[in-house]
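Read through the structures below before going on.
Shared chain: chain A. Partners: chain B in the first complex, chain C in the second.
== the complex of A and B ==
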């Protein structure tokens, strides 16, 4: 019974910072609570949820959030594995290289988002300038509803890849060198040792960073707010941004809570699907390898 | 089958890890590489396996120069100190992985693995992960993997150092039966002289990357070629006698007899060891240790003596043997 006592402080903290908001949001989402109600909390059964289901902007933002998270986290993971493998090699000035590679992650998001906004600026930004000079033509990166969301993906990848790389590097360092040597003596080449030793033993670290990043990407706010403000035509707007707008601009706290809660449910559902997908692909991987 | 090291040296930056090592391990012979940590014994093993490259010298397996042959083609069966079992694979998968990457068919893999599992009495553990095994079982899996390799040479890197003393003793006969009884040369790295004496036909004592002496356990014990070997082989450690000349004289604790008269000593301490006891004495030639019958009891003054022909003499400057 003593273990219950021991986990009580941590459990209490989790309940306060995690449980309370969920309960509060659930309660709020079942009430009208906005500037129109004179900031009175009025029960409205499921009116917020009915509104949500018919809200095109919500669904567009949900799709945007999902595609943003999926694409940026996938690219980040692949790049981070490559970077972690490089940083794990015996290269000259390894400490310095490792420290430098973390720099993008250490920059405050707003600062680096401003930087990327400038890089993608039309017609004055450096990227536009380069593409013009080499004759590729003119693009309206931040203004084209088809591609604008990709610029936010690029910025997010640039910022967060080093963090995943660092996590995976820690994973690589936890794999004993002996295993590679034993495998080498058994006849394994370097590709095989990556596929049969490194990747399987890195799996827990990959799952961990996936969880971290997906939860983070689902709640993306500052990067989008600074780079595009959700535009053009709302194509880069994330659920976090929409919830913020509802609360802080439209002063509709009831509906904002509904959007927040819906995005939380979406995240749980997304992680569940991912988990199923990962288990299946792991089975297939073990079969084909 | 033989293994030959000819003038093998290895340098890392400006440090010589191994210098001019010559070693020949014959058909079915087990050589123990013995020495303190950092003496180069593990490096020697890694060079033989092909995990490290020698800076100079030649390495021959079955008379064939293998300096530039890849580790896998040298066909060595190595047991790592940590066992190096793949933690994410079951016992059976650990054993079949090598067969798989070397291209054996699935049926052949299964056949070989199940036969080795039954030889090693590991059948019931085949589906377990290494973490679910005891230390001794892990060691047997590591041995099984080396056996499966059907190697030209066995390389054992401190194979028992992670086991407790009792288990070590139990595994010795098994190791002898499985590996030492074959016709492959065996190189057995250890820092434990008891283990070296128990397992090896010959012992090579290494110190600072050079070979101090190589010989049978008996030769090393009876005629250590240097003071280093004399001190390293034999427990309790050899007594170094105080001397005013350029000759260092040493006598083993078991070669000293307690007599009614002789050199007068004062008793300092006693250690009761069961069949015998170890007594610490203060003599005119310095502190000495003596092994004697445990039933004896002593007063504070004890007279000891020894046969001078049992003394080992070493040069005080070179530390080499003189007699």
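== the complex of A and C ==
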């Protein structure tokens, strides 16, 4: 019984922090609770949800969050596989190379978001500077709704690729070397061994980092708030930022809770779709290879 | 292998060039930042650093705040997580698996979405504007990962050690303190550093819980500096702030890279 006693405080803390908000948001999302109600909590049945369904800004942010997550996580995954393969080989000063490539991940997001804002600055940032010097012209990266969200993708890729690469590296290290040697003896080349041994055995690691990164990318907040503030014209605003603005700027806590709950539902739905897509492509992959 | 070397150089350039640019900016005068590259009129200065250091409150205050929260949350998490993960490693398999699944799901959760509820808790219990109080949500948020990492290392120990100590008549606290903890020291170190990094870098909760200017943590301070318009130009002081803010972490990563990497990868291998 002492075991139960030892584990209860920690699990209670986890339950309070992760479980209570879901319950609280579900309840709040069925109530009006804002400055307009004088901060009284008044039941309003489904008014928040009806408002959400008709809220163009919510849907624009949902689409932005989904395209941001999809694009950045896809790029990160492909780059991370390549980096993990390189770091897995014998290279000089492997420890130092790993530590340096992990730096972007270890720094506070706000710090490097500020750095990237300066890099993409128009007209004085280094990128515009180079583009002007070689005569390509001005891009206005952060001010043009067409490019602004892509700059946030670049910053995100820069920050999190090393982290995924490390997770995948752990996966690579768990693959026994004998497998490759046996495969070689049977006359397989290195491309084939990548497709038939490395990728299938790496699968659990890929799935885990995919899940983790997608969940984190869905909650993107620091990066957007500091780098673009959600602009231009709201094109980079994420669901997390919208929920934050609803609570802290518009002081509408009921609606903020609704937005957060809806984001969570969207995330679950997205992961479900991804899971179906992955199972299908795995089948196809097994048929081809 | 030439190709490998080139790839490593590209990798490191890509990872480091934004820092190098920040350092370059932080030592440049505002006027020379407005010139095109390679201008002969470029002038160097330490004025940006002086401006950041002499601001009120001085920049080191934010580093100190972040450091305090980081240390407090790390200690708090470990105090709860070590006994808990020990008993988790002793639990029947079905219960342990269910608990671990729950913990894994929690650790994947985009915690930004929790900020409103946590803020409500802070308001009703009067926990705002306190670095000690801020470490409570931080340790709760890092708890799932800490439990997963530590319970794995407890399970990896041979059962005989614990049993033998029990026969020797040591109670559970003595066994933990004298026998088991020394054996899982490396894994405690990795866990501690990862929690510390998380708390040092955390933004949304620090932003909403702390409003007193002399108590805000580093990420919030940097975001505040950035608060003015996207188009405002003299970036020199911003860059100096980011460089000063990055130095402690660069040191941590270089010194503890082994622990960080083993912590992260253990989580992936066993999770």
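Operating definition for what follows: the second predicted complex is superposed on the first by the 275 of 289 C-alpha atoms of A that agree within 3 Å, B and C clash if a C-alpha of one lies under 4 Å from a C-alpha of the other, contacts with A are read in each partner's own complex, and residues count from 1 in each chain.
Keep this in mind: a residue touches a chain if its C-beta (ideal position, glycine included) is under 8 Å from a C-beta of that chain, and two chains touch if they have at least 3 such contacts.
Predicted model, so just to flag it, every value in this text is computed and none were measured.
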{"item": "Combined model on chain A where chain B meets chain C, clash or fit", "value": "fit"}
{"item": "Which superposed partner A:178 touches (first chain B, second chain C, both, neither)", "value": "first"}
{"item": "Partner chain(s) touched by A:32 [first = chain B, second = chain C, both, neither]", "value": "neither"}
{"item": "Partner chain in contact with A:151 - chain B first, chain C second, else both or neither", "value": "neither"}
{"item": "Touching partner for A:64 - first (chain B), second (chain C), both, neither", "value": "neither"}
{"item": "Chain B versus chain C as contact partner of A:192, first or second or both or neither", "value": "first"}
{"item": "Angle, in degrees and to the nearest 10, that opens at chain A between the C-alpha centres of chain B and chain C", "value": "80"}
{"item": "Contacts of A:236 with chain B and chain C, given as first, second, both or neither", "value": "neither"}
{"item": "Chain B versus chain C as contact partner of A:225, first or second or both or neither", "value": "second"}
{"item": "Chain B versus chain C, judged by how many residues of chain A each one touches", "value": "C"}
{"item": "Minimum C-alpha spacing, chains overlaid - chain B and chain C, in Å", "value": "16"}
{"item": "Shared chain A contacts, counted only where both chain B and chain C touch the same residue", "value": "none"}
{"item": "Complex interface listing, chain A residues touching chain C", "value": "2-4, 6-7, 9-11, 13-14, 16-18, 20-21, 24-25, 83, 86, 89, 91, 95, 97-104, 106-119, 121, 124, 126, 129-130, 132-133, 142-143, 158, 162-163, 166-167, 169-171, 173-174, 205, 208-209, 211-212, 215-216, 218-222, 225-226, 228-229, 231, 240, 243-244, 247-248, 253, 256-257, 260, 263-264, 267"}
{"item": "Touch list for chain B against partner chain A, complex", "value": "49-51, 71-72, 76, 78, 80, 82, 84, 86-88, 97-98, 101-102, 145, 149"}
{"item": "Interface residues, chain C side, partner chain A - complex", "value": "1, 4-5, 7-8, 11-12, 14-16, 18-19, 21-22, 25, 33-34, 36-37, 80-81, 83-88, 90-91, 99, 103, 106, 108-121, 137, 139-141, 143-144, 147, 172, 197, 200-201, 203-204, 208, 218-220, 222-223, 225-226, 230-231, 233, 235, 238-239, 241-242, 245-246, 249-250, 252-254, 257-258, 260-261, 264-266, 268-269, 271"}
{"item": "Of all residues in chain A, those that touch chain B in their complex", "value": "176, 178-179, 181-189, 192, 196-197, 200-201, 203"}
